[in-house]
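Should a chain be cited, it is by its letter among A, B, C, D, E and F, assigned in written order, with residues numbered from 1 in that chain.
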Amino acid sequence: MKTVVVRNIARADADVVKRLGALGASTVHEAYGRFGLMKPYIRPVWAGGEAAGTAVTVLAQPGDNWMLHVAVEQCRPGDMLVVGCTTDNTDGMFGDLLATSLMARGVTGLIIDAGCRDVKSLREMGFPVWSKAISAKGTVKATLGAVNVPVVCAGINVRPGDAIVADDDGVVVIRKMDAAEVAIRGEKRQADEEGKRKQLASGVLGLDMYKMREPLAKAGLVYVDEPEAD
Amino acid sequence: MKTVVVRNIARADADVVKRLGALGASTVHEAYGRFGLMKPYIRPVWAGGEAAGTAVTVLAQPGDNWMLHVAVEQCRPGDMLVVGCTTDNTDGMFGDLLATSLMARGVTGLIIDAGCRDVKSLREMGFPVWSKAISAKGTVKATLGAVNVPVVCAGINVRPGDAIVADDDGVVVIRKMDAAEVAIRGEKRQADEEGKRKQLASGVLGLDMYKMREPLAKAGLVYVDEPEAD
Amino acid sequence: MKTVVVRNIARADADVVKRLGALGASTVHEAYGRFGLMKPYIRPVWAGGEAAGTAVTVLAQPGDNWMLHVAVEQCRPGDMLVVGCTTDNTDGMFGDLLATSLMARGVTGLIIDAGCRDVKSLREMGFPVWSKAISAKGTVKATLGAVNVPVVCAGINVRPGDAIVADDDGVVVIRKMDAAEVAIRGEKRQADEEGKRKQLASGVLGLDMYKMREPLAKAGLVYVDEPEAD
Amino acid sequence: MKTVVVRNIARADADVVKRLGALGASTVHEAYGRFGLMKPYIRPVWAGGEAAGTAVTVLAQPGDNWMLHVAVEQCRPGDMLVVGCTTDNTDGMFGDLLATSLMARGVTGLIIDAGCRDVKSLREMGFPVWSKAISAKGTVKATLGAVNVPVVCAGINVRPGDAIVADDDGVVVIRKMDAAEVAIRGEKRQADEEGKRKQLASGVLGLDMYKMREPLAKAGLVYVDEPEAD
Amino acid sequence: MKTVVVRNIARADADVVKRLGALGASTVHEAYGRFGLMKPYIRPVWAGGEAAGTAVTVLAQPGDNWMLHVAVEQCRPGDMLVVGCTTDNTDGMFGDLLATSLMARGVTGLIIDAGCRDVKSLREMGFPVWSKAISAKGTVKATLGAVNVPVVCAGINVRPGDAIVADDDGVVVIRKMDAAEVAIRGEKRQADEEGKRKQLASGVLGLDMYKMREPLAKAGLVYVDEPEAD
Amino acid sequence: MKTVVVRNIARADADVVKRLGALGASTVHEAYGRFGLMKPYIRPVWAGGEAAGTAVTVLAQPGDNWMLHVAVEQCRPGDMLVVGCTTDNTDGMFGDLLATSLMARGVTGLIIDAGCRDVKSLREMGFPVWSKAISAKGTVKATLGAVNVPVVCAGINVRPGDAIVADDDGVVVIRKMDAAEVAIRGEKRQADEEGKRKQLASGVLGLDMYKMREPLAKAGLVYVDEPEAD
């Protein structure tokens, strides 16, 4: 790793990112062909938070949040900070002071493959964070990492400027070049779902609505009336 | 596994199931001799949900929710869907569209030994789910499983028609044949607990109320006044 | 282990403990030189609870809460119960009846390196618990342990009378002899943070406020304007 | 659970079980339609052990091996002991004394959803064990469980008399009624594999041997000669 | 924590430690009333290693092995190094160079609540290590910890000079003051076991040898001849 | 993800890769500035295996090894197969038939972020595999993935043609462009270590050899002769 800060990165289009955020993580993930989802151990530190933004990436050493302070300066309104870590770590590398600084710059949220603290303050401030752990353990500022290089965060390779969508269902990463197309597909998908929801609520079975009966029979599904002997 | 759907299963008595639900998972589990509790990794996707019902069981392939759609048709008012999986998996195999369909049929909740998504919608709809993970990862509809065969879910063998009680403390499975007796024992237990609670709140010690002092002394417990040298 | 109950333990000063509680786990942990934090798998069973107190310690056998009943008698107003376990265990060794008893004695909360149940009641009663798991699994009362001996709980050695501070960020243990000094340092730290928070909120960068630019350059950090070839 | 010992259980045919053992866990699991495999956290305590047998089942309390002593008497030559546990537990519930007793009765191995100890002696005795953990932690003999009732072990429901096949690849459970058919299918499978192995060793590609090229093309697979822009 | 090195610690008696080592971890753990066993995630990095010694303790920062180098000087023949860590960490903080240095000083083994590397060399050198993980990840030498203060290692509080016994079954810690008595009890236990082993090998049942039939009947165990209806 | 197979990828230089392999994972990882190490949950399926090679990458669906068969054709002598998976999975996606095919093409080993089976045969064949799990669970051949696209495997982003070094200490990934420089640095490091090893074996302390006494004193380390009061 070079201990480098890359400035002036290209970012996914801001309007597209907003549209992706309106769709939510599950719909975007489907529309992206079911790729780009971080592992489910990344969870919101307070329930109900939602955010979308363009990634400013940080590669940090375990238990050291020096590069997060460096990264703040590289953030613009509409960005999200995405922090990968060189070793598995649960220390509380992010808290309410850094959140105050990020909010002052218009950052919409933070994803960290490590720990977070000051959870109560973050909830009160309304700053959403997705992390691997919650821990009061503070950090040192001793070793360099990098800002705006590709980082692996919770199993996904994130490039600077990628679009991020995060909510209670998880965190999805969409590459810059794919963002616009995914937004279009997701909106179509969402429109389709509204109609389906109404049908299902009225009692129509998915078996019929999705026309599954024939393929199920072909695949060999058998219905029997008697409970099988156990 | 036979790729079979068993129709018209025998179910635990609906009134008994309601009485079990009123007792809650912890009391029912005690009344059942401390058996039938799913492993504690099964957690509610939103806090405060409570449900009881008769099990319609699904054996699903990892990342494939085809059999959940098949199972909906087999559900009646008062049922709960219980989903086991052939391999450890955290994909979001259940979401708000399936929940809409289940609510339309009077199903009271879902237990899944895999992942769930659309958590925010499920909370707003008031449909309670207990799962192993929360994940936006959607699923395919490609491989058959089975409906209403015995399945292992979170370490417990569930038979179709068994009584299920689930709340913030976990998920308990009571076999059909045992349900009535467990309800009676649980209600007795609950009545006893009310009296105990009042005594304890007034400052009576459990040591005295449960008459523990003599057995403790017999078992060899010693009281010393000085802190032990560390 | 001797199956012993130690009475009349020395406790950290009650006023100091209150001041520590007002600071919260993260600030106290920082002020303590980043020591004394339990592993982050210990989590509150309901969000938002906060407690501070002096430790009454319990060493329990897995799946056996007999010694918790014994420990209640040793508790005074302002104490917290801290339960270590001889083997990894997730059974629900603590519930609302024991909580009723502890509240009647003025105990402020419970930390348990095992499971807890009756979560809904505990939330309604306002009794805060930090545990490793939530489980309806009840326990027997069959084997002796000890009360008020040093116990390891979630990776930290806790001595009777130590100060405990617990909130959404985790659980910190401060030795009796260190409590007063940590309170002073923590209060100074908190006062400093208020000023920093205001500066950061106004848009001052941490890089400038903490004077990091020079040490970062010395450590070799390089800024580049072009995105690196990936 | 009834605290019961069931005597004179029906067992899978001994010759069929030997044939299944000769096939090994992976081939048997394939031949059984990929069902019946215990979760992969169950591992051999010493590498290279292999065993097959008919299940004598034990339901034990955590940290209590009383029922294992009871179960020994129910074992016959060619049996394997399969131990489920009412709670997750890693205590060393099985060691070389019990192994000595089981070997004296012709038992071929043990599967335990908990811990094992005396690993060095077991290796020297040549008695194979598959367990969830290795732990010196001994156990009490205080609470009843059951022998020869259905138990869930590592995610699989095991009935008394079921056939068990275990080796370095894991542990497979085959229901009594299915054992003969699975043996036939597995032997056919094994014969087929020999021919395939020779072809592959000579350099024939699986793509050609399995005739995969056409279905891959139909599914949409594209070959490109240039590395994709990253 | 004070960043201190304590010299000239008192140690458990060397002869007693040798006798404990000859008994092995499981027998010592039983003889110690089933206390002092580290959590089973601590495993030997190569199978078959055995060691006993007096503890020289290290409290290290995650990913920093500076204090291990400091601790070497404090070691005498017959010591074992026991390393606790301030945060969960799997980095390879110990390798063959440090092992060379420890062997030169007569140290018999190492226990580390973090990672180890150079596993192949360690096996060839015959230096036994018990660790939480194996990882090539090297470490820095940047932050102070302490040597010969009490440390928590894998859930057990270890004091300088305590006796350590480690083998394939795990790691047991015996306090200085208890070591002699535990050795005596363990040797008696071992002698008893030899007689039992012979009886069991000859086919005597544990049920009879341990006279369990009466207490089992009293506890309510029932034998039935017919398989229960499943 | 495009369902694409990229042919004729550029590879790290074969001689450089051999030199890296001779150094081993730990030395290479150090020489690479401590980057590129896969998470330590990736372990060899048999101890003592060692391999180095150029990466042919596979992105596979969970429980589906179709793309492994496709990837074989793209392998050349000196390659290693590196398999990432779209969801966490432990199924045995690789076994001895595929290994036979890979050996016929001169492939030196396999890394898979999922399960492996036929462990005994692989050991006998001498084909080294590093995996997340061992599992008899076989797989289907139903869904497309990709070959020779960048994949995340055990937390590391692997590009086609990257150099891989794997042994008992873990798996390190070195980017093509960095391989030559890392080999040079690693060889220098290895030469230095030989001299150090001799000094340490003769009893020279690391404290002196590395000249640590002064920086330790500066950092504030204090030596005391009396054991601290505990």
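Everything below uses one rule, namely that a contact is a pair of C-beta atoms (placed from the backbone, for glycine too) under 8 Å apart; a residue touches a chain by one contact, two chains touch by 3 or more.
Predicted model only: the values in this text are computed from it and were never measured.
Participant: Counting one step per pair of touching chains, how few steps separate subunit D from subunit E?
Facilitator: Minimal hop count between subunit D and subunit E: 1.
Participant: Indicate whether more than half of the residue numbers at the subunit C-subunit D interface occur in both copies; give same if so and different if not.
Facilitator: Looking at both copies, the contact residues mostly coincide.
Participant: When the C-alpha atoms of subunit B and subunit C are each averaged to a single point, how far apart are the two points in Å?
Facilitator: Once rounded, the distance between the two centres reads 30 Å.
Participant: Centre to centre, by mean C-alpha position, how many angstrom separate subunit B and subunit F?
Facilitator: Inter-chain centre distance comes to 42 Å.
Participant: Touching at least two other chains at once: which residues of subunit D meet that condition?
Facilitator: Subunit D, residues with two or more chain partners: 34, 88, 90, 137, 143, 150, 230.
Participant: Just say which it is for the chain contacts: an open line, a closed ring, a star, complete, or other.
Facilitator: Topology of the interface graph: other, matching no listed pattern.
Participant: Using the contact rule from the top, write out all pairs of chains that touch.
Facilitator: Final set of chain pairs in contact is A-B, A-C, A-E, A-F, B-C, B-D, B-F, C-D, C-E, D-E, D-F, E-F.
Participant: Help me check something: in the complex, which residues belonging to subunit B touch subunit F?
Facilitator: Of all residues in subunit B, those touching subunit F are 61-63, 87-91, 137, 140, 142-143, 230.
Participant: So in the complex, the part of subunit B that touches subunit D is made up of which residues?
Facilitator: 1, 33-35, 39, 86, 88, 150, 152, 155-157
Participant: Would you tell me which residues of subunit B are touching subunit A in their complex?
Facilitator: Touch residues, subunit B against subunit A: 2-10, 46, 66, 69-70, 72-73, 90, 92, 95-98, 100-101, 103-105, 115, 117-120, 133-138, 141, 143-144, 148-150, 159-160.
Participant: Along subunit B, where are the residues that touch subunit C in the complex?
Facilitator: Those in contact with subunit C are residues 24-26, 29-30, 34, 37, 40, 43, 47-48, 167-170, 172, 193, 196-197, 200-203, 205-207, 210, 212, 216, 219-228, 230.
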